[in-house]
Amino acid sequence: MQMDNTGKIEVMIQCSHVEKTFFTRMTSTPVIRDLDLKVRKNEFVVLFGPGQCGKTTVLNVMAGLETATSGTVTVNGKEVSTPGPDRGFVYQTTALFPWYTVMQNVEYGPRARGMSKKERREKAQYYIDLVGLQGFEDKFPNQLSGGMQQRVGIARAYCNEPSVLFMDEPFGHLDAQTRYLMQEEIIRIWEKEKRTVVFVTNNIEEAVYLADRVVVLTNCPTSVKKEYQIDLPRPRNYTDDRFLELRTEIQSIVDKTL
Amino acid sequence: MEKNSDLKFKVISCCSVIGFIAVWYLCTDILQLTTDITLPGPVKVLHTFIDKFTNKSPDGGTLLQHMWSSLRVALSGYAMGIIIGVPLGILMAWYRPVDLLARPVFDFVKAIPGLAWAPLLIILLGIGFMSKAVTIFVAALTPCVLNAYAGVKQTREVHMWVARTFGATRRQMLFKVAIPTALPHIMTGIRVALGSAWMSIVAAELIASSSGLGYMIQQCRGIYRPDVIIVGMLMIGFIGSVLTWIIGIIERAVVKGQTHDA
Amino acid sequence: MMRKILKNEWTVKIGSAVIALAAFCMLWQAVTVFTGMGDFLPGPAETFAEFFRRFVKPYGKAVLPMHMWSSLRRILIGYTVASAVAIVLGIVMGTYRIADAIVMPLFNIIRPIPPVAWIPLAILWFGIGDASKYFLVFLATFLSVLQNAYAGARSADPVLVGAARMLGANDGFIFRTITLPCAVPYIFSGLQNGLTAAWGQVVASEMIRSSAGVGWIIIRGMDNNDILQELVGILTIGIIGFILAASMRGVEAKLCRWTTRGK
């Protein structure tokens, strides 16, 4: 557990009484109901929930891409209302800029904040190497495979050196083999460059494999149902007894939906 | 809140149109910056418009007579263009030898504006219904062919395989798979062809004709009657919009559930 | 491997194009030689010979290349100015709703009027010289480029805009790095449609009133009942139109590498 000098637990993200309702002309759909959540510094938290339960909305609200109807979200002590570079986001479908090369995509954040070309190139190169894409700097995204595109997405988010990373089912569209590989990779990268990560998935194995803590969400309108500390040592094994036990336990409490 | 801002922008749009007409009125009728032989005021144009429904002068026909004359030629040529163009496009896409031989010729022909054929056709067929109708036909043909061609070409392989697995003959595959797939594209072609047919009839009437809206505005240029020209232009635009609207309804009825980006 | 297949594909395409055009010409030649149509319809050999002869022997006051130049100058000036204005205006309209609300209704009144219908009014306003042609070409180009630039500026993917914001980009930076690149393919398709429209417009306006240009050639051919002149004129119009369209595609392929490359 991460503590600061005074020995207190350092809270990185705090959601208190967050509510989110979508309004259309005739209807209102509550999506998040009274959600409370604390994430510690450098913790890897996985939000896990059934089908369309609003996980992505929770993430978008935390990131500032959507505003909460009521309640507050603070990141690093500051209240979140708009998107900002202190938070990084890795998307479900790769939201890479198709007209930029890998290098230009990764250096986008530093460039937007006005960093000199030499400096940002250096920084981008470091993260491109970190995700294992050296040699692909000048390729366009549509020339890369799905797994490689997600690596670019991760490098791009990292390159801005945010204190928090949000990942919205980043491996959802990958095939099973690539997915396992990327799960190992994301842990390797995270252990090398520690960040606070909030990771959304609907895959229970992925949740148990990656997380320090799994937060199970209820069905829509969503709130926290139960939390599990995953105390398994890394690297984890999908067939380990304790792993399977946790998997079964979490599976048993998840709301069933179509 | 969203509703309020929508309303606000609608009001701005209305003000914009009213403002435009006001400026026009101010420049012409009030300040007399222009004369009646360059730009008449909106009141004069409106007056001419109403008058033109019954008045045959100065060009020998009422507005409705000219309209009917243009529509008759345009729609006959247009119908011929569709009847010949769509099947031709499908054939080109379906049979590779036809594709390889007809496509280069078409690539060249499509670079020639339909209108450029008009003088040749007038020499061959004389001034009259036929030469104009054939000009429209040529103008409408190209978009029909090219879109039907593109539509059939993009038939998904997997649909073909499904059809083949169920034992479809090649003929059945064409009529049950390829053509239905191509329908949205074909309809796009038919819509584009309408625009080009309508433009060509106006142009053909400008060049050589004795009736029609194009003839009307061309005649009135010679005798400095811009009020009639403006009435004619607005009428041409209006009929074009109505025709496009009708085609749009047909298109939506035919292309149920298939989306396609033009 | 891939490159080899591609090369073969090209060989087949170019080969078949040559064969197709040759076959077309032979059919045409055969029709003129063996049927009664030859009495009034010149064959391809005669047409091509005449085409080249006209490089030195003038039509009216000028030789064929000079007529081409007259038409090209009109299109280049009108088209360039109109494209620039339309792209800027279209993007402004797509970005600021207030501009959209002001200009769109006026544009919607003008848009359904085919550009050729402006010819009589343009002649009244600007006379029969080049000024009216520039105006007409401007109009034809403007109408089609504006629509596309507008659609393009509104096409920016909200997910990409969100991603850029997440990375710390401000509005100006997002406009330069997201909105504009998203609009580029739309703008190009507008530029292509605009070029086709502008070319048709030049030919039409020259046919109706002018003293030089390819449109003038065919209309004078009609007045003189000269079918050979018609065919040379149409051939010239086709060649120039083809070159214009092809060069536009070339520029697009260069500038929109990310959409075509690697496919």
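Letters A, B and C mark the chains in the order given here, with residues in each chain numbered from 1 onward.
We adopt the following convention: a contact is a pair of C-beta atoms (placed from the backbone, for glycine too) under 8 Å apart; a residue touches a chain by one contact, two chains touch by 3 or more.
Computed from a prediction, not measured in an experiment: that's the story for all the values here.
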item: Pair of chains joined by more contacts [C-beta pairs], A-C or B-C; value: B-C
item: Chain whose mean Cα position lies farthest from chain C; value: A
item: Centre distance in Å when chain A and chain B are each reduced to the mean of their C-alpha atoms; value: 52
item: Chain B-chain C separation of Cα centroids, rounded to whole Å; value: 18
item: Distance between the centres, which are taken as Cα means, of chain C and chain A, whole angstrom; value: 49
item: Residue ranges of chain B in contact with chain C within the complex; value: 9-10, 12-14, 16-17, 20, 37-39, 100-105, 107-109, 111-120, 122-124, 195, 198-199, 202-203, 206-208, 214, 217-218, 220-221, 224, 226, 229-230, 232-234, 236-238, 240-241, 244
item: Footprint of chain C on chain A - complex, ascending; value: 63, 65, 82-85, 87-89, 91, 93, 95, 97-100, 108-109, 112-113, 139-143, 156, 160
item: Chain C - residues contacting chain B, complex; value: 12-13, 16-17, 19-21, 23-24, 40, 97-98, 100-106, 109-121, 123-125, 196, 199-200, 203-204, 207-208, 215, 218-219, 221-222, 225, 227, 230-231, 233-234, 237-242, 244-245
item: Chain A contact footprint on chain C (complex, rising order); value: 157, 159-160, 162-170, 173, 177-178, 181, 184, 257-259, 261-263
